[in-house]
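Note that the chains are named A, B, C and D in the order they appear, and that numbering of residues resets to 1 at the start of each chain.
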Amino acid sequence: MSVSLRKARTIIRKTLENGHEMELKPLSVVVLDAGGHVIAFEREDGAAPGRFAIAHGKAYGSVMLGMAGTAQMQRAEAQAYFMAAVNGAYGGQVVPVPGGVLLRDRKGAVIGAVGVTGDTSDNDAAAALAGIEAAGLTGEI
Amino acid sequence: MSVSLRKARTIIRKTLENGHEMELKPLSVVVLDAGGHVIAFEREDGAAPGRFAIAHGKAYGSVMLGMAGTAQMQRAEAQAYFMAAVNGAYGGQVVPVPGGVLLRDRKGAVIGAVGVTGDTSDNDAAAALAGIEAAGLTGEI
Amino acid sequence: MSVSLRKARTIIRKTLENGHEMELKPLSVVVLDAGGHVIAFEREDGAAPGRFAIAHGKAYGSVMLGMAGTAQMQRAEAQAYFMAAVNGAYGGQVVPVPGGVLLRDRKGAVIGAVGVTGDTSDNDAAAALAGIEAAGLTGEI
Amino acid sequence: MSVSLRKARTIIRKTLENGHEMELKPLSVVVLDAGGHVIAFEREDGAAPGRFAIAHGKAYGSVMLGMAGTAQMQRAEAQAYFMAAVNGAYGGQVVPVPGGVLLRDRKGAVIGAVGVTGDTSDNDAAAALAGIEAAGLTGEI
């Protein structure tokens, strides 16, 4: 099972709708496939210009390590030099905080990840999770 | 005048529709703002995983140089080492071929760019142009 | 609304004048546009040769994150690995301390940033703010 | 003898004035010191956002190699792989075409360089040379 463009669009639309309901700041949302490659991205009007790199970094680390943003943050807090080294190995493209959410199929296999940025990391993750569930998928924050 | 997310979505949707009508291979489409930063991106099912970087590279060089893909290709063919050097100065992120299309406002100022990849460069550019015009904007291929 | 070269020159001249009045060390000042791209820069005689990168890094992070230097420093002090990761995502070009000052229009939209370096970070920020106000703009330190 | 900020400002102002008289497209002008570090830069309204990197690349290669833009271009045309390799050694920051102009003192020692971009390479170089001479210095294109 893979994430289709249609599914990715739904995740993004529902995540943004959720951000509006939660009255969050303008969000940016990326959906990556099982190889960590971009399927779709949207940045809301009013978001800072550099948000693609942050959204991407949250999702990319999730896929590449098979570890969602919360777990990455815990590892970074326990052993900062390890996550710094991992980041070096991944070309500096990992942003290890909540808002990077793993997508899994029914058997638990990772099929991609969602990255959300714009509000607090916890709110970013909550909006992503709601968007993923509205699209009929299971997220791991 | 700037490109809103709503406008960017329309450009992408219309470019993909156009690709279907022209019976092109699966396309990937990015829309950048006037600073070369990503507003929105979509990659169709069946496209190769690395298409984001190609679409982005076509649009990014267009914005940064103020020169659309066709003009970049002509310069690259006339003076290959110059475009190679420019690319170094821009971190290797420039793909100087058709499919990078400048967006201009009514006064001619660059307000962003569209990058399309997936079929031949000329077909990519044609699909982008049709999508841009369907969104009520003017494109320069 | 965007920052013209004329406006950027005024900001730089007034920031340098302010540094002289405050008897600061030689300053370097950069003005970036809303996409994080350089409009103008000046380094005073006697400043260290590497000051462009520091001034640029203060202003660049401000624009890309939509967060001025003081807020970036607070985030870096609270969660060092996060700002380190953000910096990786932005190619190592972010210097998260005061002296990076956001420029906003009357509606609050970010239209660019000023980066100042040479004295203490707080003095750099104070000189920038005075320069920005002398140019009729609003700064956020 | 070194290039003061006052001198750099004059070079930039005179180069831009010259561009206006020659009816060139909007120019961007950088002045580097004898170590290849930025003293001052200005980008005219209407120039593409990425012009700093091109102006810098023309001047940087000139200082680092002690060879002005025209000579760099001749070398690139005669031996493209050599200039490509040089560029790798200099972090991809060299743009080997006219518009990179060496500044020399009366004894012929290199004291810095000027980089101009925006119009054709030859017009860029001509504007720079006129600006340098108006500032009482000698340029080598």
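Going forward, a contact is a pair of C-beta atoms (placed from the backbone, for glycine too) under 8 Å apart; a residue touches a chain by one contact, two chains touch by 3 or more.
None of the values given here were measured: they were computed from a predicted structure.
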item: More contacts between chains, A-B or B-D; value: B-D
item: Length of the line joining the C-alpha centres of subunit A and subunit B, rounded to whole Å; value: 25
item: Distance between the centres, which are taken as Cα means, of subunit C and subunit B, whole angstrom; value: 31
item: Centre distance in Å when subunit B and subunit D are each reduced to the mean of their C-alpha atoms; value: 30
item: Per-residue multi-chain contacts in subunit A, two or more chains; value: 49-50
item: Pairs of chains in contact (touch as defined earlier), listed by label; value: A-B, A-C, B-C, B-D, C-D
item: Residue ranges of subunit C in contact with subunit D within the complex; value: 4-5, 8-9, 33, 35, 37-45, 49-50, 52
item: Residues of subunit C that touch subunit B when the two form their complex; value: 33-37, 91
item: Contacting residues of subunit A [partner subunit C, same complex]; value: 46-50, 53-54, 56-57, 76-77, 80, 83-84, 87, 91-97
item: Contact footprint of subunit A on subunit C as seen in their complex; value: 34-36, 63-67, 79-82, 84-92, 109-110
